[in-house]
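Structure record follows, encoded as structure tokens.
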Amino acid sequence: MVTGTGPASARGSSAEHRGRLSDSARVEAFSDGVFAIAITLLVLDLRAPAEHSQESWLNQLLHQWPGYLAYLASFGYIAVIWVNHHQLFTRIAAVDLGLLWRNLGVLLGASVLPFPTAVLSGAFLDGRRPNEVTSIVLYTLVAAFMAFTWLVLFHHLARNDRLLVTGTPAVFFATERRRALLGVLAYLVAAAVAVWQPLASLLIICALPVFYGATSEGWHGVPNRRL
Amino acid sequence: MVTGTGPASARGSSAEHRGRLSDSARVEAFSDGVFAIAITLLVLDLRAPAEHSQESWLNQLLHQWPGYLAYLASFGYIAVIWVNHHQLFTRIAAVDLGLLWRNLGVLLGASVLPFPTAVLSGAFLDGRRPNEVTSIVLYTLVAAFMAFTWLVLFHHLARNDRLLVTGTPAVFFATERRRALLGVLAYLVAAAVAVWQPLASLLIICALPVFYGATSEGWHGVPNRRL
Amino acid sequence: MVTGTGPASARGSSAEHRGRLSDSARVEAFSDGVFAIAITLLVLDLRAPAEHSQESWLNQLLHQWPGYLAYLASFGYIAVIWVNHHQLFTRIAAVDLGLLWRNLGVLLGASVLPFPTAVLSGAFLDGRRPNEVTSIVLYTLVAAFMAFTWLVLFHHLARNDRLLVTGTPAVFFATERRRALLGVLAYLVAAAVAVWQPLASLLIICALPVFYGATSEGWHGVPNRRL
Amino acid sequence: MVTGTGPASARGSSAEHRGRLSDSARVEAFSDGVFAIAITLLVLDLRAPAEHSQESWLNQLLHQWPGYLAYLASFGYIAVIWVNHHQLFTRIAAVDLGLLWRNLGVLLGASVLPFPTAVLSGAFLDGRRPNEVTSIVLYTLVAAFMAFTWLVLFHHLARNDRLLVTGTPAVFFATERRRALLGVLAYLVAAAVAVWQPLASLLIICALPVFYGATSEGWHGVPNRRL
């Protein structure tokens, strides 16, 4: 396309610019949709007590406490991922096909999480230890896979700085990659702990999103960049 | 960042401005997604009659009336919350990490609501009074928790007016905090009533969103501010 | 608010303008979310055959044909409603509290539709005629309620032209109100027909969205207005 | 439309422009919502093991492997469709009623996919060969229908270049129509293979989205157009 000079040319280049922004905007909107649905579908793992059961509903509801912990752990994990995703995309200026597929990997991890959450919640209701161990190991493997998809995404961005907003500090991805790698390792440790002590592992699973949330740069970065 | 004068500087400052707006926009979009999904998932608590059952489907459907009441109460509650959320964010200019996490608390309350709704609907179908009491108490505790998350959110905003649009009246948060506190108390009263009379408590639960909707400033505020 | 002259004042008035547009934008985004979720949740009414059943899955799947019809009728109905909603909001310039609550009524109708769809689909699988009649009557009453919420919405807009984009023809709401009223009546007729002949009523239910889609002004209006 | 000169005219033409953009924007937002929900609802097809069952949960989870394959195949298929949809809409400048209904056809295909995925996953758990064949044939027919809806959409756009962004190469739709037709044929071949060898057909179903993803122009096209 040959462009002239003056206002018309300026409009053309602004349209191109918008085109690229719009790419990033639609990836963000689709990702937000998947995160919002996955975080809300978790509630289907909490089950109403069985009708016509002899046991009182109060007992049945109290008995379901590991399900509530699993619900909170998964809600927190997806919430932290959404915060990180938002923070990351304030630094992304353009989307290429490689970033697109790696982002779909992140979405796969988030949208599959209600499944191991339901298994974990069911296993602790069932109450037999081998099943509890199985369910915790499944949960931690899926959670480790989620952290791994972030590692892959950060690695792609660290090698393609043409996709980034000008002025993104080089140290940013080094830090974020380290956090993602730590996540993979922490969930694998939780898997190993589960074999000896499933409840201890469940506590680690609940604590990890809190830790990530507390150390997240998150929205802090935006005011900082204004300095 | 040291910025020069002229067009380049203007673009820089406009980009910063957009950056901050975009923060708020994505928080609103994600919240809208969660509210829209939670309000629509409520329909899964309404169950088709059991096939091959001896009882006529007409009777089974009519017998499910407490489920319809619970559905309407929860639909109304989330609708009111969405209206308030929209109203609030027309007054928010920037999002910090504290606001972000408190907003996620509000979303946790909204997205968990289909669970106590299902329990309440099931308990009145089941028909044994202790289970009805249990289900109403569960519902009111979750609803009180939702009102409490708003109290926490308003408290944060009242102490961080740098996050607000210039010109937001100081009286705004005083009024809103009082409404949130009233919500917490009203649902706790409904919990206490449930122990004596579950049906009366169910009526309170249905009436509260109507009351909040009717007294909501809501979209009224926008034309007012144009005066 | 006393506003000065010059750039600062222009920015202020543009912010007010954006404020109002943003109102309408967020109502549209929330409504789109509810429509998108309701139309997609319908798929949960289609059930995989029972495992370990003696009957072949081919037979079970073929036997479920009324469920497919009900799915298509509800998908078509929500699709038509979304098209109409979009068309309507291209004519709306501002949102007041009355419009907001009436719009939530429209969303209530759309988001509850998966329930009568599931009942209808189950009743024809069950195969006993009284249950089929019950399910069709339930479906048509909900569908008539949906058309009625549109009537209420159009009535409000016809009496509040300050909410409308300048240049909206007066005849627009007269036509649309007539279409909504026709919808209420058509679904009530289908309810009456169901008592004698449920299958004939099911065909009417499938035909109505096709008729509404074919006569919808829809996106046609936009190019027309450019003339 | 006869337009005058000066600021008022400029505002009028910009409003028209926004009107058209907004049409396309809301179609994209609604489609993104449906794709995001359909891709996330797939997780409901993965089932937690039955409580109080004698078989260990580890065995039950491992036994569910065809369900995981079906989940990944459907996730990949909807992801590829979303990428293609995004790519297509960067080339669309206006939306007419014909495009709108054809797009709803595409959404119908995407939102019904969790149903054959659940049937396929259940049939391989059930383990009887005739049911496996039935489920694969159902899946491939739905997937072929999805590819067919794209063929219909591309055909409409190839004949209505007034809807397209200026400068879209004529060869674009020829290529895309060929890809859609190939998709229809490939899924019909997979249906035929299923009768002899269901597992081979399942592998084809898993491979097709990978193939489509790898050959997708996707986001590549955007930088190219800037040359």
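Before moving on, here are some points about what is shown:
In this document, chain identifiers A, B, C and D correspond to the written order of the chains, with residue numbering beginning at 1 in each.
Note that a residue touches a chain if its C-beta (ideal position, glycine included) is under 8 Å from a C-beta of that chain, and two chains touch if they have at least 3 such contacts.
Bear in mind the structure is a predicted one, so any value in this text is a computation, not a measurement.
Chain centres computed from CA atoms place D at the largest separation from chain B. For the pair chain A and chain B, the fraction of shared interface numbers is less than half, so the two copies use mostly different residues to meet.
One inter-chain figure worth recording: chain B and chain D are separated by 33 Å, centre to centre, where each centre is the mean of the chain's CA atoms.
Taking each chain's centre as the mean of its C-alpha atoms, chain A lies 24 Å from chain D.
Of all residues in chain A, those that touch two or more other chains are 29, 33, 37, 41, 44. Those residues of chain D whose C-beta lies close enough to touch chain C in the complex are 1, 16, 19-20, 22-23, 26, 29-30, 33-34, 37-38, 41, 44, 94-97, 99-101, 104, 107-108, 111-115, 118-119, 121-123, 125-126, 130-131, 134-135, 138.
Those residues of chain C whose C-beta lies close enough to touch chain D in the complex are 28-29, 32-33, 35-37, 39-44, 46, 48-49, 51-52, 56-58, 61, 71, 75, 79, 82-83, 86, 90, 213, 216, 218-220, 222-223, 225-227.
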